[in-house]
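Pasting a structure below so you can have a look.
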């Protein structure tokens, strides 16, 4: 978000063509479709080998001064390709997962997609509301998240090179995440 | 979703022009506006005469093998133009409906719109979060749904010819649906 | 919504170019980003000096006749630039706000953006789901809202001249709003 | 009966306290006295086709696994591991030759026997026999309908169903192969008391008013005009049974015999049912009813679209309490196995359109039930009694064509009273013990 | 008073147990002893303009329909059908000559009489008189403010309001036509105890601190500087009444007489009020107050924008309990019927901007109330008492210009103590009965 | 012990009633008898670096502010204003020289003394000494771990920790500077009983089954093959302490000494610990454990990615009850202050990937705990006992290399039994009082 400067804002859509916007938008929607359907092996193919995937959440902190400080954050996930592959193996192998067998019912509502170019790479901001119903839970859990994604073109295809996701939930009201945002 | 093949994905936006994408997107947003406003008679005009409208929900089933099976599904609605007209008459006539008089307050959040061409017809995938507050309920119910729509051009206007909606809720946590997705 | 006539609908995207649509969409997404981040002073800069900002909510009313009447509405907020500046000052000064210190965690999911031209001005309809977690509350509150915005071009930049927001919640299930939609 | 129930129940034989429909105290007593003591419907045999097929079903406040063993026998077990109590099956249904607990992998066979603890070296072999799955008290079935009870002293199932069986044959065993469910059940939640739902399936007064819209569509599609229907309803019989069960019977009126049925089935009906049952089915079928305590059925002749002629469908409903003011509904559609694929499909369409969580009939019923539950629990409101006095003093039909005690109108409250009288009887026993 | 309440209440005359603000047991007793026994505000007469106009309003733990009959008389009924208890009116308001139950269509006229059961052939005519809607115990009004009670033995309304009426005239009946609501009320939910809200409207200590931001804006728009305001508050009178009501009066200070009013109203005030009332209104108006048990008002002189001069608005608030730790707020804005359209509009704007679910004052108050309720219910926390000891021992003003017992500062706790002392008195009576 | 607990607890020394894990009545007694009576972990000293640094932490059913005073001393106070009970600090952490109540601005210094009421003119000066913040009963620390108790008669902390301290040194004070938290804690909610969580950290049976997936990844990344691991686990010692604490010790097996550690730390370990502690740490470290009542730790050697070699990380967990069937988890990662930045980062990565709300180990554990709690509370299910009988009769290891009573396998239930025996002892005392 730091890259969304005042300057960038006024000239935003000069930098990113309609075709590029649509390419990123469709990437994110197709990605959500794969994640919702539990097609995680296919999802891995959307990632660049150097993928860095982080999830954090803020913490409530009282401010005494007149200016607001940034909220300190708590690390929830910090993944590379190796750990994501291990997660995918666990989640897609019924005998290896208790949390996801029966598989949870998931729906990702992806909104507020803003695309910009930063140091030659496409960068996208988006919000995701993940509606996740786990077996045995009386009601679904709504994970509200904000993401900043950095993309790379590899062999002519768009790949996700970095995702910084922020969960809006200092006290997470469900017993585990067991999902990707 | 079965039509979203690996091939289709890479060439997706060659098939569907920006104008077509926007036409479908605006159709879905205007449709949502009519449904939210209870303008159901006008909504019927958006449908092709051969409309087939289905709603189903999955069921949790334990998987013992290493491969996931598709989730079996439960039929909730299966409608044609005749039954939809009957529903609209009931829902829009105050003296004939108890469930919808006073009318529920509805808001459809339509997201993740992906459009493709399939056998010459436009096909759209979308997610809808229907936030529905019924009188007497302390809190709104959030219906999380995924839809696959098939369109037809009739007399130069886009019409909905088929909707397959899936509700993400094996145990539906409200006493009736009384709404269209 | 009254301006969305049958005629307007069929010719909708003749009136508003893709560039205009994208400009409005990005305005709304950037606006949401500022509001979510608590950057309210910057948000004020997006408003035209003549800004009229209203928030209302409907009330359940039984209808006996065969035709539905419009739902009567309850005024919740009715603001001009002066009162919005006062609100921003209160909300951004830690020593002056109890409701927003610690600052609530907010995420606005902006969807269903429809843009039209009305009397020469751009008009946008959109839905916003504001997911707001206040300190001390066990669960976030979801504010479901529908907005109709009128824009003005001032010095070559798009500004918000009027916002009519409608909250879908006759009995508001949280102790105060302390937010902008 | 203790003082509290006395006040609630004894005002008058047709007057009841609202608290019996809303008090958590009354409900806790019901769990012991009714749900943990009598027979509860759990599944249809066709849901368990193979050895190892199982479904997980509510039984009172608990969950049971209903499973077909390797030996083909259907058994029921508490859905809770004997080690530390883990919920053994976390899904609605499945198929497995062994039930393996996901926590420490204690493994039970399909007859409930503990096969291994995974660490048998640390357990005394003598304990194994004691640590099998906890079985239900009794399990039995009638024409494919499987019932179970937590109470091993419960009366035989045949005694519990009694003369109702004559009508159950007409519904569930009228062809050589019987009925089969059309897919897995719908499940949903209603904020109401379980008795309000069961009583509603014995209540015809509301039907003409609450369902005026859909009944008008049925009329337009070729059904009876509303005025005629009202008259027919006022002279159709309702039937009550000492076990608390009740039936809403529907005189055929001017409709041709077996209208709305797959014609090919009619000879099968005649061949399978007794002549008296066949005649009754033809002229005055058991259209709607409730099996005490919490199972209801309906088999109406309906349509939703004015362009589609009315058709029959068979619906079965379980009203599972979650406390005094909420129920979990499980709702199955059935069809005769011999019905043609097209007829079955057409029946299923109208079934889902009219009765179910998305049905145009149910949506208004359930709004009413929830409205009652919202109102009657309040401190002033619960002091006011409720009334089941329509037709008080009306005499039963003499020499009725079927078993049970029949009354000559559907617009009175006798079947509902029969249900509540049985409830009062059982809750009274609770009092003598307490 | 039973042992439990004794421990909670009897520590000291200005010290109270936290449990009286958080225990569900205490709250259940309050419903009986206070909410089902005394007068409760239900509506303003202007909300019911026509025969058949009705509103549905909370009354303790129940809902009442307040309806103007064909005869023009306003009545109150339990919102629950006499047949099976269906919630009769499911909307907030409406207009109808008959109330038809949506379940089986029992039909009541606007005087509550049962007109038809829809199936009268099956009901004894003699029952009809007994089966009308359940009326409230008493209903009465004062200057357009309608109060009702479930208790038919309640004291007369005039006695309940007592000397407070002198001030209510100043607020609600100071012009020939009186006040009228500006649209339907706002409604929202706060997780707090109803007494915390009512007491807050008698508490001025918090105002200077919690509302420092908005008060600074008022100052910038031409209001008093914060230091001056603090001094004015410390010498303005608070008034208490034996029925538990209380008033925060505000000395005008340096402001010109009737600043922030539509000038055209002032002659009407003078003509309508008594000279003493008029003088009081001019110099020391009853700015904020609470009518026991759960109604509060405010009529401050405020602005939110620094560019808009301060203006008056009149706010009325109902604090309806939903258990010990939650309230449902109903909040109306009023204006004198004779006020100009522009003044009324300007008043309404500032009203919504400052006091209401979206108001810059309320948003901080309600965060405090919720914070108290989160904290005081906990097992260690509830052992610690709360204090209402500011100004203990201070003597009342002699020869005060209005009725009631007045104390010479707003920064003390005497009006709050008066409210709690009345509460203690009533809860004590409960004990004698029990 | 009262009749209810007797029935639940006295079946057999290794058999317990399910109700002790699910009954709200039992839990209410636990709050008094355990949580308001014994020592509770509240913070690590490194979380409070400066004068005025504070954190807000749960203590039983209440919240405490743990604050470092101007004098450097760490104190604990009830998080509730002494005036009207407002929640004083509404955030998780902060730093302030004074605590100002947001409602009426009563101001307390960092030692808890009331400094001003903002309106001191209306308060008796004599009251000030009595109206400071409510302090905890006792607060003390061991090697940076701060514990507090609401009970001012609680035994000394050293007595509560007892011989466990020998192992705590190995975990939290094995280098000159000790450990420091890696950022603020994760916090989340699990629908289970607090004892189920604490017991799980003494349970190794489940680990080999529930975590088969991640353990396979560890193997592929260079860890022990599953078969070897199972054997190692079956001969590794578990340790129990009379205060209810327990340890899961892990024999190193074939791994080189101090594999998965920052090598530069090893000499510091040797220099800081006693020779016996150092040898124990090297050969059989206290890998997992629970400190009675509700604190657990783990310091495993793990990896998630098959491409990254296993590494150590140190985890500390608080299981804070919210009633009988829900807990709030607070979870910190720690590292030795002297560890290199890179090692610390690598350790943190694997820590979050494996143990935490997003961890591949925890996600399956917590599903099991929630599954138990869903099942054991039901009316039939709660009649069935749970078993802790693995290894019943097995004798302790003689001459074990560290303090405490050690048993020669991790696949038995003795440490879990030790925890529950202590629980039974304390709840028994409650009974004698009652």
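Letters A, B, C, D, E and F name the chains as they come in the text, with residue numbers starting at 1 for each one.
As a working rule, a contact is a pair of C-beta atoms (placed from the backbone, for glycine too) under 8 Å apart; a residue touches a chain by one contact, two chains touch by 3 or more.
Bear in mind the structure is a predicted one, so any value in this text is a computation, not a measurement.
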Path length in steps (a step moves to a chain that is touched) from chain D to chain E: 1
Shared interface partners, meaning chains that touch chain E and chain F: C, D
Partner chains that chain C and chain F have in common: A, E
Inter-copy rotation, chain D to chain F, in degrees (Cα atoms; steps of 5): 120
Between the pairs C-E and B-E, the one where more C-beta pairs touch: C-E
Copies chain C and chain B - interface residue numbers shared by over half, same or different: different
Distance between chain centroids, defined by C-alpha means - chain B, chain D (Å): 32
Where chain B and chain F are represented by their mean Cα positions, the distance between them in whole Å: 49
Junction residues of chain B - those touching two or more other chains: 18, 60-62, 64, 93, 95, 98, 102, 109, 111, 129, 135-136, 142, 170, 173
Residue list for chain D, restricted to those that touch at least two other chains: 87, 90-91, 102, 210, 367-368, 371, 374
All pairs of touching chains, each written as two labels joined by a dash: A-B, A-C, A-D, A-F, B-C, B-D, B-E, C-E, C-F, D-E, D-F, E-F
Residue ranges of chain F touching chain D (in the complex, touch as defined): 18, 21, 203, 205-206, 209-210, 234, 367-368, 371-372, 374-376, 378-381, 384, 386-387, 389-392, 394, 409, 411-412
Residue ranges of chain F touching chain E (in the complex, touch as defined): 31-32, 36, 59-63, 78-88, 90, 102-105, 117-119, 121-124, 127, 131, 134, 150
Interface residues, chain F side, partner chain A - complex: 89-96, 183-192, 210, 212-214, 216-217, 304-308, 328, 348-349, 352-353, 356-360, 362-364, 366-371, 374
Chain F residues within the chain C interface of the complex: 87, 90-91, 102
Chain F partner contacts - residues on chain A that touch it in the complex: 55, 59-62, 64, 72, 74-83, 85-87, 89-90, 93, 95-99, 134, 136, 170-178
